[in-house]
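Both complexes below contain subunit A, partnered by subunit B and then by subunit C.
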Partner chain A sequence: MSLRIYAIAYLVFLYAPIALLPIFAFNDATIIAFPLSGATTKWFGELWTTTALHAALKNSLFIACMTAVLSTLLGICAARAGAMYRFPAKAGIMGFIMLPLVLPEIIVAVSLLVVVVQILDLGLSNWTIITAHVLICTPFSIAILNGAFQNLDPSMEEAAMDLGESRFSAFRLVTLPPVMPGIVASLLITFTISLDEFIIAFFLSGSEPTLPVYIWGLLRFPKSLPVVMALGTLLVALSILLLTIAEILRRRGMSRAGVNDKGGFL
Partner chain B sequence: MTPLITLKGVNKYYGDYHALRDIDLEIGAGEFFSLLGPSGCGKTTLLRTIAGFEAVSDGVVTIGGRDMADVPANLRPTNMVFQSYAIFPHLSVAENVAFGLRKRADLNRDAKASMVAEALAMVGLEGYGKRAAHALSGGQRQRVALARALILKPKVLLLDEPLSALDKKMREQMQVELIKLQRHVGITFVLVTHDQEEALVMSDRIAVMFEGRIGQLADAETLYRRPQNRQVASFIGKMNFQSAQVHDGGVEVEGFGMVQLALDQMPEPVQPGPAVVGMRPETLGLLFDGEVTDKRILDGIVDEVVYYGDMTYYDVRISGSDKPLNIAMKNIMGRPVLEVGAPTRVVWDPRAMVCFR
Partner chain C sequence: MTSSESGRGLLMVSPPLVYALLLLAVPLGAIVLFSFWTQDFMTVDTTLTLNNYRELAEKPIYGALLGRSVYVSACVTVVTVIAAYPVAYFVSFHVRPARKSLWLFLITIPFWTSYLIRVFLWKVILGYNGVVNSGLINAGLIEEPLTFILYNVNAVIIALAHAFAPFAILPIFVALEKIDRSLLEASQDLGESKLMTFLRVTLPLSVPGVVAAVLIVFIPTIGDYVTPELMGGAGGKLVANMIQTQFLALNNAPLGAALAVVAMLSVTAISLVLILLNRRWLRGRT
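Showing the complex of A and B:
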C-alpha cells in the first residue's frame, strides 16, 4: 500500500509541473494563478504573430537538424568500429567518447566559449552551438546505435563482398538496413536534445537566440508568461511524439534483427 | 591432377607476427581439400588469402592460372561459407540465396527465381524461400549459406569451420551431405577445420598446419598411417610414443627390444642415437584366453580400462617401459572386458611402428 502511495507521489512530482503548462496555456488571464478564468486559444494565436519567435524557432530547427545529422553520422562510425573491429585501447577510447554524457553542460558551455572566443578568436553563431550540441549528442547516438550494431554478424559485409559487391555497397546493402531503425531513432533523439537544450545555447548564441534562449528572455516580461506556457505546451508535445517514435523504431529494429530487447533509453 | 589453385612462397605478417611461413601448395580442380590444425596455426588466414580478404605479404596466389594479386575478393572466382554463416537477417531465405545474382543483368526475374529454387533444393531446403532468415535453426542457416555460395557456381568453394557450431549428430549428418554435394557439383572445396575426424572423413587431401607452416600434406590414410613427423603423429589420432635408440643394425625400442624398420617407417632422416617410435592403439592388441597369434607377444598388466561400448581402451604396463601402452580392442562377441590389475599378453607387430627424431 505504502509502495503504491510512493509510486503515485513520484509520478505527481514528475509530471504535475508539466501538466500545469497546458492548463495555463489555455487559461484566459495574464496572471499565472488559480482559480482559472475561462478557456482561450489566444495565446497560441499570439505565437503565430510574434516574428522574433519565428526567427528563434528557425534557428533552433536548423541547429537541431544539423546536430542530429552530424552526431548520428559520428555515432554510426563509432558504433560500427566498436562492434566490428578490435584495436588497441578500445575500451579506453570508447569510454572517453561516452564521457560528455555525464559532463556538466555548463562546464562544456564555458570551456567552449573560452576556446571559440578567446583562443580561436571566432564570432559566436549557430555553428558554434551546433559544434557543442554535436559534442553532447554523439554519446547518445552511440548508445542507441551500439545496440543495433552489436547484434550484427561482423562477417556480413565480407560475405556481401564475397558475393560480388564492392566495399561500400556491401555496407549499404547488408549493414545499413538492419541498423536503419536505430539510425532514425538516433536522429530523432539527438534532434530533441538539441531543440530543448538551453545552457550551451545560452552561452554560445550570438545575436540570434535559439528557442529556449528566447523563452528565457520572455520570462522577464510577466505579460508574456501565458505565451511561454503555450509555446512550452507545443514543445513538450513535440518531444514526447519524437521520443515515442524513436523508441518504437528502436524496438522494431531489434526484433527485425531477431534478438531479444535489452532495454534502451525508454 | 590439374592444379586450380597454386600458392608459391606465400608469407603473411601481422606486424612482427609471422602468420604464414613459406606456404607452397597446389589444390586440384574438383578436389575436396582440407586445412587442418590447432587454433592459431594460420589455416583461416590461408583460406582468407585465397578468398581475397587478406593480402599476402610475400608470394603468389593463382586461381585457374591467373595471378590474384590485384583481384579483390568480390571479383575472385571463389565463394565462401563463413563460420558464423553471415546470413543477412533483414532478408528472406530466397533473398539471401539470390544475393549474389544482383549483379547478373543477363538473368531475368524468372531465371533468377528458378536458380534460387534449384539451389535451395540442392541443400534440402525446398519451400523455405519465403521464411525470414533470422528465424532459422543453426543447421538451416548453414544450408542457406551453402546455397547462397553455390548459386554463383564458383570455381572454388571455401568453407571456414562450417560445422563447428552444430551439435554432434547434425555435424555428422552434414559431413556426409557435404561430401555428396561436392561430388554432385564437382566444385573444388577448400575446408578449414580443427576437427581431425572431420578432415579425415571428408577430404581427398589434407594439409596439416602448425605455426603458419604446413607440417604434412597427404591423403587421410597416409596422414594416419605414415605421419611424417612427431607433431603430425600426435595431432592426428592417438599414438603411443616409446623412447628408442637408433643403431646401425636396427632400432632398440623401450620395452619391445631390437626391431628392424623398413625405409618408409622412418619418414625423417634419423641419425644413430636417441629417437621415438610411435604405435597407434589399434595396431597393438591383447591376446585373450583361447586366442592364438603368429605375431610377437609381451607380458603385461592392465593399468586402466575405459569402456566405450563398441571399443575398450586399455592402459597396459609392460616390463622395461615406464609408460603404459594405450591399446584399443574391439568388443567382439565372447570377448570379456578385463579388469584393472589383470595379467594379460600384448600382441604387437614391428611393421606398425613409425620412428621419429
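Showing the complex of A and C:
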C-alpha cells in the first residue's frame, strides 16, 4: 500500500513541471510566479502574430517529417535484419547502430559540426540537422519496430515467393500488414523526438532556427516568457496526443505479431 | 546459418550500418584527429600536437569542470536509481499485468515532452518567487525565500534527476519482470521473511537492471548542456557548457574537441569499470 502511495507521489513529481505550464500560459501577468493575477488568452493570441515563430515552426516541421521518414526506413531495415536473419557479428553491428541512444547528444553534435564545417567546409542548413536527427532517432525506431518484427516467420515470405510473388511484393503483402502499426508508431515517436530536440539543432542550425532553438532565444527575455508558456502548452498537448496514438498503434502491432506486450518501447 | 541467409541479413542491415559508420564512426574519428590540431586565429593549423591536451591538463579550470561533471552525474545517477527502484518494483510486482503498460506509458510521457521547457519550469518551481518558496512562506515555515535551491549544483541535480527518471525505471522494470516468481515462493516456504526474500532473492536478481539503469543515466547526463546552463548559475556549469563555449563563443574548436574527447574517454572508462564489476559480481554468484 505504501508502495502505491510512493509510486503515485513519484508520478506527481514527474508531472509537476508540465502541470504548471497551462497555469502560467493563461495567467494575466508577465512574471512567471505565484500569486496568479487572472485569466487571459492573449499569450496564445500573440503566437498567431509572431512571424519569426511561424518560420521556426515550419523549419521544425520539415526537419521532423524528413527525420521521421528516413529514420523509420533505416529502422525497418535494421529491425527486419535483427529479427529475421542470422549474420556474422550481428550483436556488434546492432549494438553499434543502437549506440547513439546512450551517447551524450553534445558529442554527436560537435563531432558532426567538426566534419561539416571544418573538414568538408560545407554550410549548415536544415539538412545537417536532419542528418544528425536521423542518426539519433534510428535506435528509437528500431526499439519500437523490434516488437512488431519479432514473431514474424521468414518462411511466410518464402512461401509467398514460392507461390510466384516477387521478393518485394512478398514483403508488401505478407510482412508489411502486421508491422504497419509499429511503423506508424515509429514515425510518430521519431517525429516527436526531432521536433523537441534542442542541443543538436543548436549546434548544427544555420541562419534559420528550429522551434526549440527559437524558444531558447526567447528564454533570455523575461518579457516573452508568457508566450513561451503558451507555446509550450500547445507543444506538450501535441506531443501527448502523438504519443498516445503511437502507444495505441504499438500495442495493436504487438498483438498482431502475437507478442506478449511487456509494455514500454524503450 | 546458410551463407545466403547471412548475406541477405548483411544486405538488409547495411543501410543503417553504413549510415551509422559514416555519420557516427567517421565524425568520432574526425573529432579525435581534430583535437590534435590547433586554432591559429581564423585558420586551423593541421600540424599534430598535444598542445590542447597540455592546456587542459595545466589550467585547473578544466580539471575542476570535469570533476564537477562526474560528481553531478554520479549524484544524479544515485538519486535517480534509488528513487526509481521502488516504482519499478511496484509496477512489476503489484500492478495487474493488463495495467502495466498503462503505468509505463504514464511514466515515459513526461520524458518525451519539450525538454527545454521542462527544465525552464524547474526554474519557476525553485526560483526566488517560485512555487516552493512562496508555498513555504505562505505555510509560515520560512520567512526568507530559500536561495540554495536555484543557480547551483543542487538545482542541476534535481532537474536532471527528474529528466532521467524514466531512463532508470525501464531497465530495472525489465530485470524485475524476468524474475521467476516461484523463486520468491520457494524462499518464503523455506522460512525467509518477506524482507529477507527481497534482499536475498529479488534484489540480487535485479542487479543487471540496476547496472543498466546506472549506465543509461550516467552516460548522457555527463554531456548535458541545457540544465546546467539554465539552472546552474555561475558555479554550476559543467563540461558541456565549456565545450559549447569553446566551439561557438571563443572560436577555439580544437580545444573544444579535445575537451569532448577527454569527457568521452572518462565516461567510457567509468562505464567499463562498472560493467567489469557487474560481470565479476555475476560470475561470483553462479
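In this section, the second predicted complex is superposed on the first by the 258 of 266 C-alpha atoms of A that agree within 3 Å, B and C clash if a C-alpha of one lies under 4 Å from a C-alpha of the other, contacts with A are read in each partner's own complex, and residues count from 1 in each chain.
The criterion applied here is as follows: a residue touches a chain if its C-beta (ideal position, glycine included) is under 8 Å from a C-beta of that chain, and two chains touch if they have at least 3 such contacts.
On a predicted model such as this, the values are computed, not experimentally measured, just so you know.
If you put the two complexes together on subunit A, you find that subunit B and subunit C both fit without a clash.
Once the two complexes are laid over each other on the shared chain, residue contacts for A:F24 go to subunit C alone; subunit B is not touched.
Vertex at the C-alpha centre of subunit A, arms toward the centres of subunit B and subunit C: the angle is 90 degrees, rounded to a multiple of 10.
Of the two partner chains placed by the overlay, only subunit C lies in contact with A:K90; subunit B stays clear of it. After overlaying the two complexes on the shared chain, residue contacts for A:L124 are found with neither subunit B nor subunit C. Shared-chain residue A:A160: touches subunit B; no touch with subunit C. Once chain A of one complex is fitted onto chain A of the other, the partner contacts of A:S111 are limited to subunit C, with no touch recorded for subunit B. Legend: residue contacts after superposition of the two complexes on their common chain; A:A143 is shown touching neither subunit B nor subunit C. In the superposition on chain A, A:L234 contacts neither subunit B nor subunit C. Within the superposed three-chain model, A:C65 lies out of touch with both subunit B and subunit C [touch as defined at top]. Between subunit B and subunit C, it is C that contacts the larger number of residues in subunit A. Across the superposed structures, the minimum distance from subunit B to subunit C, using CA atoms, reads 6 Å. Residues 1, 5-10, 12-17, 19-20, 23-28, 30-31, 34, 44, 83, 86-87, 89-91, 94, 100-101, 103-110, 112-118, 120-122, 124-125, 127, 129-131, 134-135, 162, 165-167, 170, 173-174, 177, 215-216, 219-220, 222-226, 230, 240, 243-244, 247-248, 253, 256-257, 260, 263-264, 267 of subunit C are the ones touching subunit A in the complex. Interface residues of subunit B, counted against subunit A in their complex, comprise 51, 53, 72-75, 78-80, 82-90, 99-100, 102-103, 132, 134-135, 148-149, 152.
Residue ranges of subunit A in contact with subunit B, taken from their complex: 153-156, 158-166, 173-174, 177-178, 256-258.
By the touch criterion given at the top, residues 3-4, 6-7, 10-11, 13-18, 20-21, 24, 31-35, 73-75, 77-78, 80-82, 84-88, 90, 93-94, 96-97, 99-100, 102-108, 110-115, 118-119, 131-132, 134-135, 138, 142, 189, 192-193, 196, 198-199, 202-203, 212, 215-216, 219, 228, 232, 235-236, 239-240, 243, 247, 251, 261-266 of subunit A touch subunit C in their complex.
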